[in-house]
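For reference, the structure discussed in these notes is given below.
Which chain is which? They are A, B, C, D and E, in the order written, and residues in each are numbered from 1.
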Amino acid sequence: MKNIDIKSNMQTSKFNWLQYASPKIFYPLAGKLIPWCLAGAAILIAYGLYLGLFVAPTDFQQGEGYRIIFVHVPAAWFSMFLYLLMALYAGLGIVLNARLSYMMATAIAPTGAMFTLVALVTGSLWGKPMWGAWWVWDARLTSELILLFLYIGYFSLQAAIDDKSRADKASAVLALVGAINVPIIYFSVKWWNTLHQGASVSLMNAPAMAAVMLKGMLVMAIGFWLYSIAVILIRVRCEILERDSKAAMFRQD
Amino acid sequence: MVFLANQYALTAEHVVGVRGERLLFEKLNFKCSNGTVLYLQGANGTGKTTLLRTLCGLSKPYAGSISWCGENINSLAEEYYKHVLYIGHLPGIKEDLTALENLQFSMALSGTPFHLLQATEVLKMLGLARGLNLPTRMLSQGQKRRVALARLWLQDSPLWVLDEPFTALDVAATELLKKKIETFANAGGMVIMTTHQEVIIDAPNFIQLRLDS
Amino acid sequence: MYKELGTFSVLYCVLARDIRVALRRQSDVAAVFFFFIIAASLFPLGSGADPKLLKAMAPSVLWVTALLSCMLSLSRMYASDHADGTLEQIMLSNQPTVLIVLMKILAHWLLSGLPLVLVAPLIGVQFNLSGAELQTLALSLLMGTLALSLIGSIGAALTLGIRGTGVLIAILVLPLYIPVLVFGAGAVNAVSIGMSANGALSLLGAVLAMALVFSPLASAAALRIALE
Amino acid sequence: MYKELGTFSVLYCVLARDIRVALRRQSDVAAVFFFFIIAASLFPLGSGADPKLLKAMAPSVLWVTALLSCMLSLSRMYASDHADGTLEQIMLSNQPTVLIVLMKILAHWLLSGLPLVLVAPLIGVQFNLSGAELQTLALSLLMGTLALSLIGSIGAALTLGIRGTGVLIAILVLPLYIPVLVFGAGAVNAVSIGMSANGALSLLGAVLAMALVFSPLASAAALRIALE
Amino acid sequence: MVFLANQYALTAEHVVGVRGERLLFEKLNFKCSNGTVLYLQGANGTGKTTLLRTLCGLSKPYAGSISWCGENINSLAEEYYKHVLYIGHLPGIKEDLTALENLQFSMALSGTPFHLLQATEVLKMLGLARGLNLPTRMLSQGQKRRVALARLWLQDSPLWVLDEPFTALDVAATELLKKKIETFANAGGMVIMTTHQEVIIDAPNFIQLRLDS
């Protein structure tokens, strides 16, 4: 009979929570990026709004109301884009088993949900004058609403599981499964004939709308992009701190 | 018991266990081969259950690797599982089914054919003669455990992983089980187990491992 | 050593067990069934008895009710196996988890989806649906409920061991159910206004095929995560 | 010996604990809420987008959905207390079981009924309901959901420890819910056709009063049986 | 412990226990008074749990009567329950709440005021210093049992009914609990308990009762 004593082992090497993942390097790097992104976002969004509200000509059919497009369209783009990005990080997390990847996915979700909400709200504000109703059960509108529900499902699942690593993985599976919805939203206008406008901005064809409008929308979109990056990085940093402090708390005693 | 003929080995290298955000054990190294009984000890909450589940492949080690005959168990997957028999804190029996039906199902999962007569005999030997055709919900705590443990007599996996197998068993059943583990180890089986009772198992290679921090 | 059991015998055994457990408590199977009937009958109660309104409501009411009853029985899919430790044993089986999961989904459908398909036309009659509508209803439910069981399995697996599961499953799974609902009810609506249901039905088929491929994989992954 | 705690402090503690457990997992409370929103949005999806049909369906759809969401959260009421043995401790408390049960029902209503009352008008707007209709909807739901929690408690207690509970509760409880539904949706329907809702509302009040008297007694008895 | 001053007695007369359609025990008679430790023994499935639950009033005896200070416990109801502290196979703690919150609730049910400091001290003494503010789902099997058992140190019921209290406890915790039972009995408390481990309790009146049929 022999005894293995692992106690001695335990004392020789001090456990270092961060040694098994990369957030340690990421944290300061993100800190440096944030102010630049925020500044860029502020400038571009201000410029985009200026273009949209003052420079772009009044539409003779839709009047001034159409100017909501400068918020609506970029917000709608980002609601979908951020979902895909979130699913991508979630997938990477599962494949590489990287904590940082999960944290990115977690950090993206609130911003994505916010843009979804903005697209829904601006859309219905615009719908009232255009279609005479705040809300119609049209394929695109509905699928955008589903997108919001998917974001909500993602949060709820994450909130419901208190073991962080399990919460990360489980919600990653959900994010991946839900990603199927994004192409449905995008192509809904093509597949079903709907009230909602089809795609008018495309890289292949000559733009169907005025150059100023296109420019305004693109500027807004880049502004939103920078804003998203900044907010996401801030969230990830908080997440890293929170998890690390918890780990430290456990380590103390 | 035919597996005597094969040489198996379960090796843990630098295994680190973490639950929630807490470090339980670190740099754990050991090797089990035929005839080994590894007896995990430790106070409540030191990570015995966590370690056992990791060794079965139910959860991944936080760091380090566990290998079966030289290959990582997580990449072996089903290839490895068919060699393992795990009985945890939960009995893994369905309360609506009878003892026999439960056994039939768990054996199917491990790919072992089910022979009614043999199973009946084992259950009788375990003192369940009366409960053979009752849904297991009608059994007492200890009787349920016995149904779960009956698999040890029927399956022929070379590695048993048992988490507090003596819980709820009375003196007679404890003795039976202890004998069974000894016979198995002497025939070349490997057992990894925990318990808070004092036991000494008479095996070719009896290793005690304390997890206290 | 004994001869090992083949994959088919193992899978058969999983399926047979799930069905046996359910039949042992007949109330379980009967319950989904009655829930469907009772819930569908609530709508006429809530809305007075205008036959035109009823007929117009029928496709959405019947489909939504079918969807909700499938969903209600989801929490049964893995929860009891998880609570009593059988799930750990399933994970440690020498057969691929994906196949075992597929069997459990099949058992769920046989016990909760199929009965709905059989009884739905009877209830449709109460809502004044015509023969062609009833046929389309049954056909769309046949494909649809299978898709619902498949998709639902992911939600059931993800929420294992979490409290308040019933409602959380609903949130996770309902958004994914929406395409099934839209195409399923769409098929019946198309027939009511004299158009062909083929378009909606083939889209429903596409959803089913996708679910058949991805759902067992996702469910198996989710189960493994739940046990970690 | 310490001074004994008075009945009120004990009851307060029971209520506080149930709410604390629920808030600890915010998702639980949020979930009933979102289920209501999502399920109510399913109906327009199933029925195409005719605004007139939607308005006509609205009272029954909103009421049935509220009823189903209350019902879904019923299984939470006693099940976890039963599974972990807390219920045995409650039975062995030195306070009358009936009062403790009443507190648990109250907690259930605060956490799952009340939020519905608050959000229902918002959804009503999506169904094109008018101001007066929305008001009646909220008022009828305020009384109705309390009655639903009370009645549901009996079902939840009766089905304790039985598997497949979700669906079984539904069957036991839905028939008892019907009067609440008929009077509740009836009140809203009355307003839509320009009549007074008072008749339906006072009947709803009577149902509530009855439930308030009998349900705690019946639930306490059912709990005792479940533990035998 | 003030209840020393009061004289209590639990009397079982001709109690018959039946589960399903099966007779478990028959014509059981005994009397516990201050300082008694009644230690129920018996193989798995002989009806120990059934008897304990009957003695608490959770189920009614099939025949016979159980009385507390001369009055039938089923007619006393709450009057009787407030004297009983029952800990069964299930721990009776809510996995979402912390150990302290769980204790506060169980003590409220029995009408005992809750003192945070005192409760913290007891939990610390039971080795749960680290887990005080964790939801109990994060505790190991043995730690959960300890939380459930903490009530023994905090409540002052004169009658304890304990079903296999030593399950899942490690050696240190077992010793602590045994000491506590002895102190309690010597101060005049009554304990009715089962266990499959060998224990001898040093109490003024230690009765062993075998249920084997």
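One rule holds in what follows: a contact is a pair of C-beta atoms (placed from the backbone, for glycine too) under 8 Å apart; a residue touches a chain by one contact, two chains touch by 3 or more.
Bear in mind the structure is a predicted one, so any value in this text is a computation, not a measurement.
Number of steps on the shortest path from chain A to chain B, with steps defined by chain touch: 1. Fewest steps needed to get from chain B to chain C, stepping only to touching chains, is 1. When chain pairs are compared by contacting C-beta pairs, C-D ranks highest. If you average the CA atoms of chain B and of chain D, the two centres end up 45 Å from each other. Here the CA centre of chain A is 54 Å from the CA centre of chain E.
For the pair chain A and chain D, the distance between C-alpha centroids works out to 35 Å. In chain A, the residues that touch at least two other chains are 142, 149, 152, 156-157, 160, 163, 250. Counting partner chains per residue, chain E has residues 89, 95-96, 135, 138 touching two or more of them.
Counting partner chains per residue, chain C shows two or more touched chains at residues 25, 80, 83, 162-164, 168, 171, 174-175, 178, 182, 228.
Within the complex formed with chain D, the chain C residues making contact are 22, 25, 27-28, 31-32, 34-35, 38-39, 42-43, 45-48, 50, 53, 56-57, 59-61, 63-64, 67-69, 72-73, 75-76, 80, 83, 162-164, 166-168, 170-171, 174-175, 178, 181-182, 185-186, 189.
Chain C contributes residues 154, 158-159, 162-164, 168, 171-172, 174-176, 178-179, 182, 210, 214, 218, 221-222, 225-226, 228 to its touches with chain A in the complex. Residues 19-20, 42-47, 49, 89, 127, 131, 134, 138-143, 145-146, 164, 167-174, 196-197 of chain E are the ones that touch chain B when the two sit in their complex.
The part of chain D that touches chain E in the complex is made up of residues 1-5, 9-10, 13-14, 17, 20-21, 24-25, 80-81, 83-86, 88-96, 100, 227-228.
Considering their complex, residues 20-23, 25-28, 30, 60, 62-63, 206-213 of chain B touch chain A.
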